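Below: a set of structures, written as structure tokens.
The two complexes that follow have subunit A in common; it is paired with subunit B in the first and with subunit C in the second.
What follows is the complex of A and B.
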């Protein structure tokens, strides 16, 4: 299946709404934790399935041992988000999230799910507001725990050829914590998003 | 008949009677709604609970954490979740598997939903409590079974030590690790001397007993970080991370001696057993883990040629077999 790439205007519009949505996610996290959150400029593009494992690997620096929370969202647009955490950050966050005492495995997973859910909820609400879509969400779950990053998404398990791929990094000022958010919307969602973007462009 | 009134009363009925806990809390953590599921499971009626602070009635709730969670829904206007896999339950309720469950309390997945007014402010938070006790029991059983299968798939059936497939996987990943991050790696390959004779003289069951006995001795000699397994018939491999050639040779000699001095008794007869041991260190010119194994195998071959019951370290003068 061939996919018509987004026009320059469409790309700009998507970049803009993504920036706003990611900004909202960052400020949600900041508000919750009462710390300053730094985020990278979101990268937005259409990818072929072959390049996905590589793209994921590229953005995560400490690739040896990551834990991944997965969450799905749906309306007419549907997709999944992955939030990838490296290890040192989790413990750093425990006290900020109101966990008592030492952090056992379950508490750490819960923390990862909490943070992931907050980011994903904020991003998608932000995105949804701008393209006038009210997303439904599934509960997040732990997709992989302490695995090398190149095993997180393997080509064989991905049943699509193209997807809209949005990625951003979040980190906390003065702390080791870092996480990476990836949003993937396969196939028909690319076209649906194009229609939403055109609608936004018309309204200018 | 007024359809609107009907649908409202339907909704009220459903919220009350649906087999899911529904609780609504205001900012002060006071209960605004407490449905039938919550009544039945907690023993507190709706009348008991409405207007009361949730934490006063349930002192065993994880207050600090839960308050923070609920507040985050008010502040961020975002839903939140808890799952049984991380937190078994929120409310300490009895479950419906008192006979077959073998768990303490009802397993729960909970959702926290912001209830917003027209101005977009969060007025209250709705907590829904799903009983996932059955799911959790099945999931736990499945996980245990998967764990056992995984363990079985990497173990040798006779001796219980790692099998060839696992050894090769481990060796490949150790090889990659050293190539990527540096460090050293040695391996030992050893073979029981004249194993065929043992089988012929004492029988196959005796042969099996020898293999089992060697395996348990092997595990006793090794350090925690060493990975040992049965590579084939009477052939064993030991992967020694962070070990130089000298260290590997010392360990190999200890192993050889341990086997030589061991008293393997089968059916009242003492079976003498010796081993030939090939040792090699990963050097720069080795391209893959198969080549490393090949070097150890070559060293082992030289032991066999040289009279057996000995240790040989691979060196470049040896011709690869």
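What follows is the complex of A and C.
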């Protein structure tokens, strides 16, 4: 199955609506941790599913030890979100929440699930508002815990041929903390998203 | 003479939305820039008496543009237009000399309110 790439205008529109959604998610994270969150430009592209694990590896710099929370979202658009924390990120987050590095495994998992849920909820709401869709989404679960990033996903994990790969990064000022939010959507959602983007582009 | 207005955003769509939100009867000469470097270049070419400035951009971001303008004592009326809705982002932008902060998505009422407040545009 072949998928037509997004046009430059479609890509630009998707990147900008993602940017707005990311801003809302970043603000929620800032509120939770009481710090300033540094945002960077989101990246959007269509990839063959086989190359998703590689793309994820490229994105994460401290790749030897990551923890990943996974959530699914659905409605007419569907897909998966992964929120990836490196080891340093988990520790920073625990410190900021007042745990002084003394967080046990369960409490740390709970914190990761909470943060994932907040980020994913805010991003989906932000996107949904702009493309006039309400997303449903599942509760997060820990997909991988303290493992090398190259073991997180295999080529079989998604079972699609192509994926829309949306990447958003959050870092905290003066700390090593980085967390990555990835949204992945399958073929039919790529096409539905294309229609939504065209609608936005036609409106001006 | 028309007022030189510069719209800075890495997204073409976002620049269009900003331009569309400007008052129709405003006598201006609009230029565009896609990142901080282009913005400063346009400033030095005299194209930015008023600047609508995005914060999150590749290369040189909006905070760096503000820092540069402030450090070099440059005179430009900057209105930040950003998706970064952290209150701290607005505080920092204003500390760096931005006169106003508009949260994306931009709307023309907000633009007119700010321009009127500072007497840049009367309608």
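By definition in this document, the second predicted complex is superposed on the first by the 197 of 204 C-alpha atoms of A that agree within 3 Å, B and C clash if a C-alpha of one lies under 4 Å from a C-alpha of the other, contacts with A are read in each partner's own complex, and residues count from 1 in each chain.
The rule is short, and it goes like this: contacts are C-beta pairs under 8 Å (C-beta built on N, C-alpha and C of every residue); 3 or more make two chains touch, one makes a residue touch a chain.
Note that this is a predicted model, so its numbers are computed, not measured.
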Subunit B and subunit C placed together on subunit A: clash or fit? fit
Original post:
Is A:140 in contact with subunit B, with subunit C, with both, or with neither (first, second, both, neither)?
Top reply: first
Please indicate which partner A:39 is in contact with in the superposed arrangement: first for subunit B, second for subunit C, both, or neither.
second
With subunit A at the vertex, the Cα centres of subunit B and subunit C span an angle in degrees (to nearest 10) of 150
- Item | Which of subunit B and subunit C A:15 touches, first, second, both or neither | second
Tell me the contact category for A:201 with respect to subunit B and subunit C: first, second, both or neither. second
Does subunit B (first) or subunit C (second) touch A:30, or do both, or does neither? second
Per the contact definition in the header, classify A:125: touching subunit B only (first), subunit C only (second), both, or neither. first
Taking every C-alpha pair between subunit B and subunit C in the superposed model, the minimum, in Å, is 12
Where subunit B and subunit C land on the same part of subunit A: residues none
The answer for subunit B against subunit A in the complex is residues 64-65, 67-69, 72, 75-83, 85-87, 109, 111
Subunit C partner, complex, touching residues on subunit A are 9, 12-13, 15-16, 19-20, 22-24, 26-27, 30, 36-37, 39-41, 130, 200-201, 204
Seen from subunit C, its contact residues with subunit A in the complex are 10-14, 16-17, 20, 55-58, 82-86, 88-89, 92, 104-105
The subunit A residues in contact with subunit B across the complex are 28, 31-32, 97-100, 106-107, 109-110, 113-114, 117-118, 121-122, 125, 137, 139-142
